[in-house]
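Below are two complexes that have chain A in common, paired first with chain B and then with chain C.
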Partner chain A sequence: MSPRAQGLRTWLLQRLSAVYMIAYTIMAIVWLSLNAPFDFVAWQAIFAPPLFNIFTLLFVFLLLAHAWVGVRDIFVDYVHHLPTRFVLMTLISTMQIMLAIWVFMALFSVVQL
Partner chain B sequence: MRFKIHRYNPETDKKPYMQDFELEIDSSRMVRDALIRIKAQDESLVFRHSCGEGVCGSDAINMNGINGLGCLTRLSSLKQPIEIRPVPGMPIIRDLVVNMDQFFNQYRAIKPYLTVNDPEPEVEYKQTPEQRDKLDGLYECILCGCCSTFCPSFWWNPDKFRGPAALLQAYRFLADSRDQATTERLEELDGPYRMFRCHTIMNCVNVCPKGLNPTKAINEIKKMMLKDML
Partner chain C sequence: MKIRSRPKHLNLIKVRMPITAIASILHRLSGVFLFLVTPFLLYIFVSSLKSNSGFVLAVEWLDCWLIKLVFLILIWAVMHHLLAGIRYLLLDLDIGLNRSSAKFSATLAIIMALVLSLLIMLWVLL
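Moving on, here comes the complex of A and B:
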(Lines of atoms letter the chains of each structure in order from A and count residues from 1; the text may use other names and numbers.)
(Lines give C-alpha, C1' and ligand atoms only; values in the text may rest on other atoms or scores of the structure.)
Protein backbone atom coordinates (compact mmCIF):
# COMPACT_ATOMS: atom_id res chain seq x y z
CA MET A 1 0.00 0.00 0.00
CA SER A 2 1.14 3.54 -0.67
CA PRO A 3 1.88 5.70 2.37
CA ARG A 4 -1.10 7.81 1.38
CA ALA A 5 -3.48 4.85 1.62
CA GLN A 6 -2.19 3.95 5.08
CA GLY A 7 -3.02 7.31 6.60
CA LEU A 8 -6.30 8.93 5.69
CA ARG A 9 -7.85 5.85 4.04
CA THR A 10 -7.27 3.40 6.88
CA TRP A 11 -8.50 6.04 9.31
CA LEU A 12 -11.61 6.54 7.19
CA LEU A 13 -12.13 2.78 6.90
CA GLN A 14 -12.07 2.50 10.68
CA ARG A 15 -14.57 5.35 11.13
CA LEU A 16 -16.98 4.15 8.43
CA SER A 17 -16.84 0.51 9.56
CA ALA A 18 -17.65 1.67 13.10
CA VAL A 19 -20.79 3.41 11.82
CA TYR A 20 -21.89 0.27 9.96
CA MET A 21 -21.19 -1.95 12.96
CA ILE A 22 -23.36 0.24 15.22
CA ALA A 23 -26.19 0.15 12.66
CA TYR A 24 -25.84 -3.63 12.25
CA THR A 25 -25.79 -4.24 16.00
CA ILE A 26 -29.06 -2.36 16.46
CA MET A 27 -30.58 -4.16 13.49
CA ALA A 28 -29.38 -7.56 14.70
CA ILE A 29 -30.80 -7.01 18.20
CA VAL A 30 -34.20 -6.11 16.70
CA TRP A 31 -34.09 -9.02 14.22
CA LEU A 32 -33.02 -11.52 16.87
CA SER A 33 -35.68 -10.42 19.35
CA LEU A 34 -38.36 -10.69 16.67
CA ASN A 35 -37.18 -14.18 15.69
CA ALA A 36 -35.86 -15.40 19.01
CA PRO A 37 -34.25 -18.83 18.35
CA PHE A 38 -34.99 -21.67 20.75
CA ASP A 39 -33.26 -24.50 18.92
CA PHE A 40 -30.55 -25.02 16.33
CA VAL A 41 -33.02 -25.19 13.42
CA ALA A 42 -34.48 -21.80 14.42
CA TRP A 43 -30.99 -20.38 14.82
CA GLN A 44 -30.09 -21.51 11.29
CA ALA A 45 -33.36 -20.12 9.94
CA ILE A 46 -32.50 -16.65 11.25
CA PHE A 47 -29.52 -16.50 8.92
CA ALA A 48 -31.36 -17.98 5.96
CA PRO A 49 -32.79 -14.77 4.43
CA PRO A 50 -30.14 -13.49 1.96
CA LEU A 51 -30.39 -9.89 3.16
CA PHE A 52 -29.63 -10.65 6.81
CA ASN A 53 -27.04 -13.20 5.73
CA ILE A 54 -25.21 -10.64 3.57
CA PHE A 55 -25.47 -7.90 6.23
CA THR A 56 -23.91 -10.33 8.73
CA LEU A 57 -21.12 -11.26 6.34
CA LEU A 58 -20.39 -7.57 5.70
CA PHE A 59 -20.41 -6.97 9.46
CA VAL A 60 -17.77 -9.64 10.03
CA PHE A 61 -15.61 -8.42 7.12
CA LEU A 62 -15.75 -4.83 8.38
CA LEU A 63 -15.11 -5.96 11.95
CA LEU A 64 -11.96 -7.72 10.76
CA ALA A 65 -10.86 -4.68 8.73
CA HIS A 66 -11.55 -2.40 11.71
CA ALA A 67 -9.53 -4.68 13.96
CA TRP A 68 -6.72 -4.89 11.39
CA VAL A 69 -6.28 -1.11 11.44
CA GLY A 70 -6.41 -1.05 15.24
CA VAL A 71 -3.85 -3.83 15.65
CA ARG A 72 -1.61 -2.23 13.00
CA ASP A 73 -1.74 1.05 14.95
CA ILE A 74 -0.68 -0.73 18.15
CA PHE A 75 2.24 -2.41 16.34
CA VAL A 76 3.32 0.85 14.69
CA ASP A 77 3.34 2.48 18.12
CA TYR A 78 5.10 -0.23 20.09
CA VAL A 79 6.93 -2.61 17.74
CA HIS A 80 9.76 -0.57 16.22
CA HIS A 81 11.81 -3.51 14.94
CA LEU A 82 10.53 -3.70 11.35
CA PRO A 83 11.12 -7.42 10.65
CA THR A 84 9.30 -8.31 13.91
CA ARG A 85 6.43 -6.00 13.00
CA PHE A 86 6.24 -7.58 9.54
CA VAL A 87 6.03 -11.10 11.03
CA LEU A 88 3.37 -10.03 13.55
CA MET A 89 1.30 -8.29 10.87
CA THR A 90 1.57 -11.34 8.60
CA LEU A 91 0.38 -13.60 11.43
CA ILE A 92 -2.55 -11.34 12.27
CA SER A 93 -3.53 -10.90 8.61
CA THR A 94 -3.37 -14.65 7.94
CA MET A 95 -5.51 -15.35 10.99
CA GLN A 96 -8.02 -12.72 9.86
CA ILE A 97 -8.21 -14.10 6.31
CA MET A 98 -8.85 -17.57 7.74
CA LEU A 99 -11.58 -16.20 10.00
CA ALA A 100 -13.17 -14.42 7.03
CA ILE A 101 -13.20 -17.62 4.95
CA TRP A 102 -14.60 -19.61 7.87
CA VAL A 103 -17.43 -17.11 8.48
CA PHE A 104 -18.16 -16.96 4.75
CA MET A 105 -18.44 -20.75 4.58
CA ALA A 106 -20.64 -20.90 7.69
CA LEU A 107 -23.03 -18.22 6.44
CA PHE A 108 -23.07 -19.49 2.85
CA SER A 109 -24.05 -22.97 4.02
CA VAL A 110 -27.31 -21.76 5.58
CA VAL A 111 -28.40 -19.03 3.13
CA GLN A 112 -31.59 -19.79 1.17
CA LEU A 113 -31.92 -17.89 -2.06
CA MET B 1 8.10 23.96 51.37
CA ARG B 2 9.60 20.63 50.37
CA PHE B 3 10.90 19.90 46.89
CA LYS B 4 12.30 16.86 45.13
CA ILE B 5 14.29 17.89 42.10
CA HIS B 6 15.66 15.75 39.30
CA ARG B 7 19.45 16.05 39.14
CA TYR B 8 21.78 14.72 36.50
CA ASN B 9 25.19 15.94 35.45
CA PRO B 10 26.52 13.61 32.74
CA GLU B 11 30.11 14.58 33.60
CA THR B 12 29.94 13.47 37.24
CA ASP B 13 26.79 11.33 37.73
CA LYS B 14 26.39 7.75 36.53
CA LYS B 15 22.61 8.07 36.55
CA PRO B 16 19.94 10.65 37.43
CA TYR B 17 18.73 10.99 41.04
CA MET B 18 16.18 13.05 42.98
CA GLN B 19 17.55 15.64 45.43
CA ASP B 20 15.54 17.04 48.37
CA PHE B 21 15.37 20.77 49.04
CA GLU B 22 13.68 22.81 51.79
CA LEU B 23 12.70 26.40 51.13
CA GLU B 24 10.87 29.18 52.96
CA ILE B 25 8.65 30.65 50.28
CA ASP B 26 5.18 32.17 50.01
CA SER B 27 2.94 29.55 48.37
CA SER B 28 1.35 32.20 46.14
CA ARG B 29 4.66 32.42 44.24
CA MET B 30 5.32 30.42 41.08
CA VAL B 31 7.46 27.30 40.70
CA ARG B 32 10.01 29.32 38.71
CA ASP B 33 10.50 31.67 41.71
CA ALA B 34 11.20 28.64 43.90
CA LEU B 35 13.71 27.24 41.39
CA ILE B 36 15.56 30.57 41.29
CA ARG B 37 15.81 30.58 45.11
CA ILE B 38 16.93 26.95 45.18
CA LYS B 39 19.61 27.84 42.66
CA ALA B 40 20.77 30.53 45.10
CA GLN B 41 21.26 27.71 47.67
CA ASP B 42 22.87 25.31 45.22
CA GLU B 43 24.24 27.02 42.17
CA SER B 44 24.94 23.75 40.37
CA LEU B 45 21.19 23.36 39.64
CA VAL B 46 20.49 23.98 35.96
CA PHE B 47 17.14 24.91 34.39
CA ARG B 48 15.90 27.05 31.51
CA HIS B 49 13.86 30.19 32.06
CA SER B 50 13.61 33.66 30.64
CA CYS B 51 10.60 36.00 30.55
CA GLY B 52 8.84 34.63 33.64
CA GLU B 53 5.34 35.36 32.34
CA GLY B 54 4.41 32.55 29.96
CA VAL B 55 5.49 34.23 26.76
CA CYS B 56 8.93 32.85 25.91
CA GLY B 57 8.11 29.18 26.48
CA SER B 58 11.54 28.19 27.80
CA ASP B 59 10.64 26.83 31.26
CA ALA B 60 8.51 23.83 30.36
CA ILE B 61 9.04 21.27 33.15
CA ASN B 62 7.21 18.33 34.68
CA MET B 63 5.73 19.17 38.10
CA ASN B 64 4.23 16.32 40.15
CA GLY B 65 3.88 14.35 36.95
CA ILE B 66 2.17 17.03 34.87
CA ASN B 67 3.85 19.18 32.23
CA GLY B 68 3.55 22.93 32.55
CA LEU B 69 5.40 26.20 32.63
CA GLY B 70 7.26 26.89 35.86
CA CYS B 71 6.42 30.57 35.57
CA LEU B 72 2.65 30.04 35.37
CA THR B 73 2.23 27.24 37.94
CA ARG B 74 1.48 28.44 41.46
CA LEU B 75 3.24 26.56 44.27
CA SER B 76 -0.06 26.38 46.20
CA SER B 77 -1.60 24.32 43.39
CA LEU B 78 0.91 21.48 43.95
CA LYS B 79 1.03 18.78 46.63
CA GLN B 80 4.22 18.59 48.70
CA PRO B 81 6.90 17.41 48.29
CA ILE B 82 6.80 19.04 44.88
CA GLU B 83 8.55 16.74 42.41
CA ILE B 84 10.19 18.60 39.58
CA ARG B 85 11.53 16.71 36.60
CA PRO B 86 12.47 17.57 33.01
CA VAL B 87 9.70 17.12 30.43
CA PRO B 88 9.41 13.38 29.66
CA GLY B 89 10.59 11.55 26.56
CA MET B 90 13.40 13.92 25.56
CA PRO B 91 17.17 13.38 25.87
CA ILE B 92 18.36 15.00 29.12
CA ILE B 93 21.30 17.39 28.84
CA ARG B 94 21.53 18.24 32.53
CA ASP B 95 19.19 18.47 35.58
CA LEU B 96 15.96 19.97 34.12
CA VAL B 97 17.33 20.82 30.68
CA VAL B 98 16.42 18.62 27.71
CA ASN B 99 17.50 18.53 24.09
CA MET B 100 14.57 19.91 22.06
CA ASP B 101 16.08 19.21 18.61
CA GLN B 102 13.53 16.57 17.65
CA PHE B 103 10.68 18.86 18.66
CA PHE B 104 11.98 21.74 16.54
CA ASN B 105 12.84 19.42 13.62
CA GLN B 106 9.17 18.40 13.52
CA TYR B 107 8.13 22.04 13.70
CA ARG B 108 10.49 22.89 10.82
CA ALA B 109 9.10 19.99 8.77
CA ILE B 110 5.59 21.47 8.57
CA LYS B 111 7.02 24.59 6.86
CA PRO B 112 5.79 27.12 9.42
CA TYR B 113 5.59 30.07 7.05
CA LEU B 114 3.19 31.39 4.41
CA THR B 115 3.65 29.99 0.91
CA VAL B 116 2.33 32.29 -1.82
CA ASN B 117 2.73 31.43 -5.49
CA ASP B 118 0.94 34.48 -6.95
CA PRO B 119 2.93 37.66 -7.65
CA GLU B 120 3.25 39.76 -4.53
CA PRO B 121 0.48 42.35 -4.15
CA GLU B 122 1.31 46.06 -4.48
CA VAL B 123 -0.11 46.68 -1.02
CA GLU B 124 -0.20 44.39 2.01
CA TYR B 125 -1.89 40.95 1.95
CA LYS B 126 -5.51 41.46 2.90
CA GLN B 127 -7.79 39.37 5.08
CA THR B 128 -11.40 39.86 6.13
CA PRO B 129 -12.05 39.89 9.90
CA GLU B 130 -13.73 36.46 9.50
CA GLN B 131 -10.66 35.03 7.78
CA ARG B 132 -8.48 36.45 10.52
CA ASP B 133 -10.74 34.94 13.21
CA LYS B 134 -9.82 31.46 11.97
CA LEU B 135 -6.27 31.93 13.24
CA ASP B 136 -7.39 32.53 16.84
CA GLY B 137 -6.47 29.61 19.08
CA LEU B 138 -3.64 28.68 16.69
CA TYR B 139 -1.17 31.56 16.43
CA GLU B 140 -0.85 31.94 20.23
CA CYS B 141 1.39 28.85 20.53
CA ILE B 142 4.73 29.71 22.18
CA LEU B 143 6.42 26.40 21.26
CA CYS B 144 7.20 25.52 24.87
CA GLY B 145 6.78 21.83 24.02
CA CYS B 146 4.56 20.96 27.02
CA CYS B 147 2.07 19.23 24.70
CA SER B 148 4.36 17.23 22.41
CA THR B 149 6.54 15.99 25.28
CA PHE B 150 3.40 14.82 27.14
CA CYS B 151 1.99 12.96 24.12
CA PRO B 152 2.45 9.14 24.26
CA SER B 153 2.39 8.96 20.45
CA PHE B 154 5.26 11.46 20.39
CA TRP B 155 7.16 9.38 22.99
CA TRP B 156 6.91 6.26 20.80
CA ASN B 157 7.68 7.93 17.46
CA PRO B 158 9.33 11.33 18.03
CA ASP B 159 11.28 11.01 14.78
CA LYS B 160 8.24 10.29 12.60
CA PHE B 161 5.15 11.71 14.32
CA ARG B 162 4.95 15.50 13.99
CA GLY B 163 3.47 15.92 17.48
CA PRO B 164 0.65 18.18 18.67
CA ALA B 165 2.62 21.45 18.64
CA ALA B 166 3.78 21.07 15.03
CA LEU B 167 0.33 19.86 13.92
CA LEU B 168 -1.35 22.85 15.56
CA GLN B 169 0.99 25.07 13.56
CA ALA B 170 0.37 23.01 10.41
CA TYR B 171 -3.31 23.84 10.80
CA ARG B 172 -2.47 27.47 11.55
CA PHE B 173 -1.09 27.74 7.99
CA LEU B 174 -3.75 25.49 6.43
CA ALA B 175 -6.42 27.76 7.93
CA ASP B 176 -4.74 30.94 6.69
CA SER B 177 -6.61 32.46 3.75
CA ARG B 178 -3.32 33.83 2.35
CA ASP B 179 -1.54 30.48 2.16
CA GLN B 180 -1.55 28.73 -1.23
CA ALA B 181 0.14 25.43 -0.41
CA THR B 182 -2.93 23.65 0.99
CA THR B 183 -2.68 20.52 -1.20
CA GLU B 184 1.07 20.14 -0.63
CA ARG B 185 0.66 20.57 3.13
CA LEU B 186 -2.15 17.98 3.27
CA GLU B 187 -0.22 15.49 1.16
CA GLU B 188 2.83 15.93 3.34
CA LEU B 189 0.83 15.06 6.48
CA ASP B 190 -0.84 11.92 5.08
CA GLY B 191 0.52 8.45 5.73
CA PRO B 192 0.52 6.35 8.89
CA TYR B 193 3.04 8.40 10.88
CA ARG B 194 3.12 12.16 10.48
CA MET B 195 -0.39 12.96 11.68
CA PHE B 196 -2.29 9.68 12.00
CA ARG B 197 -0.25 8.54 15.02
CA CYS B 198 -2.60 10.84 16.96
CA HIS B 199 -5.08 8.66 18.86
CA THR B 200 -6.95 11.61 20.44
CA ILE B 201 -5.42 10.93 23.84
CA MET B 202 -5.73 14.69 24.48
CA ASN B 203 -2.86 15.01 26.94
CA CYS B 204 -1.85 17.99 24.77
CA VAL B 205 -5.12 19.78 25.49
CA ASN B 206 -4.85 19.08 29.22
CA VAL B 207 -1.36 20.54 29.63
CA CYS B 208 -1.24 23.44 27.16
CA PRO B 209 -0.36 26.48 29.31
CA LYS B 210 -1.95 28.77 26.73
CA GLY B 211 -5.24 26.83 26.73
CA LEU B 212 -4.93 25.81 23.07
CA ASN B 213 -6.48 22.69 21.54
CA PRO B 214 -4.17 20.73 19.21
CA THR B 215 -6.61 17.78 19.08
CA LYS B 216 -9.25 20.03 17.54
CA ALA B 217 -6.72 21.35 15.02
CA ILE B 218 -5.77 17.77 14.07
CA ASN B 219 -9.45 16.95 13.51
CA GLU B 220 -9.80 20.04 11.31
CA ILE B 221 -6.84 18.83 9.24
CA LYS B 222 -8.52 15.42 8.85
CA LYS B 223 -11.70 17.16 7.65
CA MET B 224 -9.68 19.17 5.12
CA MET B 225 -8.03 15.94 3.90
CA LEU B 226 -11.43 14.33 3.43
CA LYS B 227 -12.71 17.30 1.42
CA ASP B 228 -9.51 17.27 -0.61
CA MET B 229 -9.98 13.56 -1.38
CA LEU B 230 -13.64 13.85 -2.46
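Moving on, here comes the complex of A and C:
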Protein backbone atom coordinates (compact mmCIF):
# COMPACT_ATOMS: atom_id res chain seq x y z
CA MET A 1 0.00 0.00 0.00
CA SER A 2 1.54 3.29 -1.01
CA PRO A 3 0.82 6.20 1.35
CA ARG A 4 -0.62 8.08 -1.63
CA ALA A 5 -3.35 5.48 -2.09
CA GLN A 6 -4.76 5.93 1.39
CA GLY A 7 -7.52 7.98 2.93
CA LEU A 8 -9.24 10.63 0.86
CA ARG A 9 -7.95 9.44 -2.50
CA THR A 10 -9.27 5.92 -2.10
CA TRP A 11 -12.52 7.29 -0.66
CA LEU A 12 -12.87 9.44 -3.79
CA LEU A 13 -11.87 6.57 -6.09
CA GLN A 14 -14.59 4.46 -4.48
CA ARG A 15 -17.26 7.11 -5.20
CA LEU A 16 -16.14 8.09 -8.70
CA SER A 17 -15.82 4.45 -9.80
CA ALA A 18 -19.33 3.83 -8.40
CA VAL A 19 -20.78 6.68 -10.49
CA TYR A 20 -19.02 5.42 -13.63
CA MET A 21 -20.19 1.84 -13.05
CA ILE A 22 -23.81 3.00 -12.58
CA ALA A 23 -23.63 4.91 -15.89
CA TYR A 24 -21.99 2.00 -17.73
CA THR A 25 -24.51 -0.51 -16.35
CA ILE A 26 -27.47 1.57 -17.56
CA MET A 27 -25.79 1.99 -20.96
CA ALA A 28 -24.98 -1.74 -21.23
CA ILE A 29 -28.52 -2.81 -20.29
CA VAL A 30 -30.04 -0.47 -22.90
CA TRP A 31 -27.51 -1.54 -25.54
CA LEU A 32 -27.90 -5.27 -24.87
CA SER A 33 -31.70 -5.16 -24.79
CA LEU A 34 -31.72 -3.35 -28.15
CA ASN A 35 -29.37 -5.79 -29.89
CA ALA A 36 -28.96 -8.99 -27.93
CA PRO A 37 -26.02 -11.08 -29.21
CA PHE A 38 -27.12 -14.58 -30.14
CA ASP A 39 -23.85 -15.93 -31.48
CA PHE A 40 -20.13 -15.59 -31.04
CA VAL A 41 -19.55 -13.29 -34.03
CA ALA A 42 -22.19 -10.79 -32.84
CA TRP A 43 -20.81 -10.98 -29.29
CA GLN A 44 -17.26 -10.20 -30.46
CA ALA A 45 -18.54 -7.43 -32.74
CA ILE A 46 -20.00 -5.54 -29.75
CA PHE A 47 -16.50 -4.92 -28.42
CA ALA A 48 -14.95 -4.14 -31.83
CA PRO A 49 -15.60 -0.35 -31.83
CA PRO A 50 -12.66 1.27 -29.97
CA LEU A 51 -14.88 3.59 -27.92
CA PHE A 52 -17.09 0.83 -26.47
CA ASN A 53 -14.01 -1.36 -26.02
CA ILE A 54 -12.34 1.36 -23.94
CA PHE A 55 -15.53 2.03 -21.95
CA THR A 56 -15.69 -1.68 -21.10
CA LEU A 57 -12.01 -1.83 -20.21
CA LEU A 58 -12.40 1.22 -17.96
CA PHE A 59 -15.43 -0.44 -16.34
CA VAL A 60 -13.42 -3.56 -15.50
CA PHE A 61 -10.44 -1.53 -14.22
CA LEU A 62 -12.67 0.63 -12.01
CA LEU A 63 -14.58 -2.45 -10.81
CA LEU A 64 -11.32 -4.08 -9.69
CA ALA A 65 -10.15 -0.85 -8.03
CA HIS A 66 -13.54 -0.36 -6.34
CA ALA A 67 -13.42 -3.92 -4.98
CA TRP A 68 -9.82 -3.36 -3.85
CA VAL A 69 -10.84 -0.33 -1.78
CA GLY A 70 -13.80 -2.21 -0.33
CA VAL A 71 -11.69 -5.20 0.71
CA ARG A 72 -9.09 -2.83 2.17
CA ASP A 73 -11.78 -1.15 4.30
CA ILE A 74 -12.90 -4.56 5.59
CA PHE A 75 -9.34 -5.60 6.43
CA VAL A 76 -8.75 -2.29 8.25
CA ASP A 77 -11.85 -3.11 10.33
CA TYR A 78 -11.13 -6.75 11.12
CA VAL A 79 -7.44 -7.60 10.53
CA HIS A 80 -5.58 -5.73 13.28
CA HIS A 81 -2.30 -7.61 12.91
CA LEU A 82 -0.47 -5.27 10.52
CA PRO A 83 1.95 -7.75 8.89
CA THR A 84 -0.96 -10.12 8.15
CA ARG A 85 -2.98 -7.24 6.69
CA PHE A 86 -0.01 -6.19 4.56
CA VAL A 87 0.44 -9.72 3.17
CA LEU A 88 -3.30 -10.06 2.45
CA MET A 89 -3.46 -6.67 0.71
CA THR A 90 -0.36 -7.49 -1.35
CA LEU A 91 -1.94 -10.77 -2.48
CA ILE A 92 -5.20 -9.05 -3.41
CA SER A 93 -3.41 -6.18 -5.20
CA THR A 94 -1.46 -8.74 -7.24
CA MET A 95 -4.65 -10.64 -8.06
CA GLN A 96 -6.52 -7.48 -9.15
CA ILE A 97 -3.58 -6.32 -11.32
CA MET A 98 -3.30 -9.74 -12.98
CA LEU A 99 -7.04 -9.82 -13.66
CA ALA A 100 -6.82 -6.30 -15.15
CA ILE A 101 -3.96 -7.29 -17.49
CA TRP A 102 -5.79 -10.48 -18.49
CA VAL A 103 -9.03 -8.64 -19.37
CA PHE A 104 -7.02 -5.92 -21.15
CA MET A 105 -5.38 -8.55 -23.41
CA ALA A 106 -8.74 -10.20 -24.15
CA LEU A 107 -10.47 -6.91 -25.00
CA PHE A 108 -7.47 -5.62 -26.96
CA SER A 109 -7.52 -8.73 -29.17
CA VAL A 110 -11.08 -8.05 -30.38
CA VAL A 111 -10.83 -4.28 -30.99
CA GLN A 112 -10.99 -3.17 -34.64
CA LEU A 113 -9.55 0.19 -35.59
CA MET B 1 -17.08 3.14 38.99
CA LYS B 2 -20.75 2.79 38.15
CA ILE B 3 -20.12 3.37 34.48
CA ARG B 4 -18.21 0.08 34.16
CA SER B 5 -21.09 -2.05 35.39
CA ARG B 6 -23.44 -0.91 32.64
CA PRO B 7 -24.54 -3.82 30.46
CA LYS B 8 -22.66 -4.08 27.22
CA HIS B 9 -24.43 -5.89 24.42
CA LEU B 10 -21.95 -6.74 21.74
CA ASN B 11 -23.78 -9.97 20.98
CA LEU B 12 -25.12 -9.29 17.49
CA ILE B 13 -28.23 -11.37 18.14
CA LYS B 14 -29.07 -9.44 21.33
CA VAL B 15 -28.44 -6.00 19.81
CA ARG B 16 -31.56 -4.52 18.27
CA MET B 17 -30.40 -3.49 14.81
CA PRO B 18 -31.93 -0.40 13.23
CA ILE B 19 -32.91 -0.85 9.59
CA THR B 20 -30.00 1.42 8.53
CA ALA B 21 -27.56 -1.03 10.16
CA ILE B 22 -29.15 -3.94 8.33
CA ALA B 23 -28.86 -2.09 5.00
CA SER B 24 -25.21 -1.38 5.81
CA ILE B 25 -24.38 -4.98 6.75
CA LEU B 26 -26.10 -6.27 3.60
CA HIS B 27 -24.12 -3.73 1.54
CA ARG B 28 -20.88 -5.11 2.95
CA LEU B 29 -21.93 -8.77 2.62
CA SER B 30 -23.05 -8.28 -0.99
CA GLY B 31 -19.76 -6.48 -1.67
CA VAL B 32 -17.73 -9.41 -0.31
CA PHE B 33 -19.79 -11.83 -2.39
CA LEU B 34 -19.30 -9.73 -5.54
CA PHE B 35 -15.56 -9.53 -4.87
CA LEU B 36 -15.38 -13.33 -4.55
CA VAL B 37 -17.28 -14.06 -7.78
CA THR B 38 -15.54 -11.35 -9.87
CA PRO B 39 -12.59 -13.56 -11.00
CA PHE B 40 -15.05 -16.26 -12.02
CA LEU B 41 -17.25 -13.81 -13.97
CA LEU B 42 -14.20 -12.30 -15.69
CA TYR B 43 -13.11 -15.83 -16.59
CA ILE B 44 -16.47 -16.48 -18.29
CA PHE B 45 -16.28 -13.08 -20.02
CA VAL B 46 -12.71 -13.56 -21.31
CA SER B 47 -13.27 -17.10 -22.55
CA SER B 48 -16.53 -16.08 -24.27
CA LEU B 49 -14.60 -13.37 -26.14
CA LYS B 50 -11.60 -15.51 -27.12
CA SER B 51 -13.09 -18.29 -29.24
CA ASN B 52 -16.33 -19.75 -30.49
CA SER B 53 -15.85 -22.84 -28.30
CA GLY B 54 -15.31 -20.57 -25.30
CA PHE B 55 -18.53 -18.72 -26.14
CA VAL B 56 -20.46 -22.01 -26.42
CA LEU B 57 -18.92 -23.18 -23.13
CA ALA B 58 -19.94 -19.91 -21.43
CA VAL B 59 -23.52 -20.33 -22.64
CA GLU B 60 -23.49 -23.95 -21.39
CA TRP B 61 -22.19 -22.84 -17.98
CA LEU B 62 -24.92 -20.24 -17.67
CA ASP B 63 -27.43 -23.02 -18.33
CA CYS B 64 -26.11 -25.20 -15.49
CA TRP B 65 -28.46 -25.17 -12.46
CA LEU B 66 -25.68 -24.78 -9.90
CA ILE B 67 -24.38 -21.67 -11.66
CA LYS B 68 -27.95 -20.42 -12.05
CA LEU B 69 -28.27 -20.68 -8.26
CA VAL B 70 -25.11 -18.60 -7.85
CA PHE B 71 -26.58 -16.13 -10.36
CA LEU B 72 -29.77 -15.79 -8.30
CA ILE B 73 -27.67 -14.64 -5.35
CA LEU B 74 -25.53 -12.57 -7.73
CA ILE B 75 -28.53 -10.66 -9.11
CA TRP B 76 -29.69 -9.80 -5.58
CA ALA B 77 -26.14 -8.85 -4.54
CA VAL B 78 -25.76 -6.53 -7.54
CA MET B 79 -29.17 -4.93 -6.97
CA HIS B 80 -28.65 -4.40 -3.24
CA HIS B 81 -25.08 -3.14 -3.65
CA LEU B 82 -26.23 -0.79 -6.43
CA LEU B 83 -29.26 0.65 -4.61
CA ALA B 84 -27.60 0.90 -1.18
CA GLY B 85 -24.57 2.37 -2.99
CA ILE B 86 -26.69 5.08 -4.65
CA ARG B 87 -28.10 5.79 -1.17
CA TYR B 88 -24.55 6.27 0.18
CA LEU B 89 -23.66 8.57 -2.71
CA LEU B 90 -26.72 10.70 -1.88
CA LEU B 91 -25.82 10.68 1.84
CA ASP B 92 -22.32 11.88 0.85
CA LEU B 93 -24.02 14.81 -0.90
CA ASP B 94 -25.88 15.59 2.37
CA ILE B 95 -29.16 14.34 0.92
CA GLY B 96 -31.44 12.44 3.33
CA LEU B 97 -29.22 12.70 6.39
CA ASN B 98 -31.91 13.12 9.05
CA ARG B 99 -33.02 10.04 10.93
CA SER B 100 -36.47 9.52 9.43
CA SER B 101 -35.40 9.89 5.81
CA ALA B 102 -32.28 7.74 6.40
CA LYS B 103 -34.52 5.01 7.80
CA PHE B 104 -36.94 5.38 4.92
CA SER B 105 -34.21 5.19 2.25
CA ALA B 106 -32.62 2.16 3.94
CA THR B 107 -35.96 0.34 3.95
CA LEU B 108 -36.57 1.40 0.36
CA ALA B 109 -33.15 0.10 -0.77
CA ILE B 110 -33.67 -3.29 0.94
CA ILE B 111 -37.20 -3.80 -0.40
CA MET B 112 -36.48 -2.47 -3.91
CA ALA B 113 -33.43 -4.75 -4.18
CA LEU B 114 -35.59 -7.77 -3.33
CA VAL B 115 -38.45 -6.73 -5.64
CA LEU B 116 -36.18 -5.84 -8.58
CA SER B 117 -34.11 -9.02 -8.29
CA LEU B 118 -37.31 -11.09 -8.13
CA LEU B 119 -38.53 -9.36 -11.31
CA ILE B 120 -35.19 -9.91 -13.07
CA MET B 121 -35.21 -13.59 -12.05
CA LEU B 122 -38.73 -14.04 -13.42
CA TRP B 123 -37.74 -12.21 -16.62
CA VAL B 124 -34.63 -14.39 -17.05
CA LEU B 125 -36.34 -17.68 -16.23
CA LEU B 126 -39.48 -17.14 -18.32
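In the analysis below, the second predicted complex is superposed on the first by the 108 of 113 C-alpha atoms of A that agree within 3 Å, B and C clash if a C-alpha of one lies under 4 Å from a C-alpha of the other, contacts with A are read in each partner's own complex, and residues count from 1 in each chain.
Everything that follows uses one rule, which is that a contact is a pair of C-beta atoms (placed from the backbone, for glycine too) under 8 Å apart; a residue touches a chain by one contact, two chains touch by 3 or more.
Here the structure is a predicted model, which is why all the values come from computation and not from measurement.
In the superposed three-chain model, the partner touching more residues of chain A is C, compared with the other of chain B and chain C. Touch criterion not met for A:Asn35: it reaches neither chain B nor chain C. In the superposed pair of complexes, A:Tyr78 makes contact with chain B only, with no contact to chain C. Legend: residue contacts after superposition of the two complexes on their common chain; A:Thr90 is shown touching neither chain B nor chain C. In the superposition on chain A, A:Val103 makes contact with chain C only, while chain B stays out of contact range. Contacts of A:Thr10 after superposition on the shared chain: chain B is touched, whereas chain C is not.
Of the two partner chains, chain C is the only one touched by A:Ala18; chain B is not. Of the two partner chains, neither chain B nor chain C is touched by A:Gln112.
Taken together, the two structures place no residue of chain A in contact with chain B in one case and with chain C in the other.
Partner chain A is touched in their complex by these residues of chain B: 152-153, 156-157, 187, 189-197, 199, 222, 225-226, 229. Put simply, chain A touches chain C in their complex at residues 15, 18-19, 22, 25, 39-40, 43-44, 47, 60, 63-64, 67, 70-71, 74, 95, 99, 102-103, 106-107, 109-110. On the side of chain C, the complex with chain A involves touching residues 28, 31-32, 34-35, 38-39, 42, 45-46, 48-52, 55-56, 82, 85-86, 89, 92. The part of chain A that touches chain B in the complex is made up of residues 3-4, 6-8, 10-12, 72-73, 76-78, 80.
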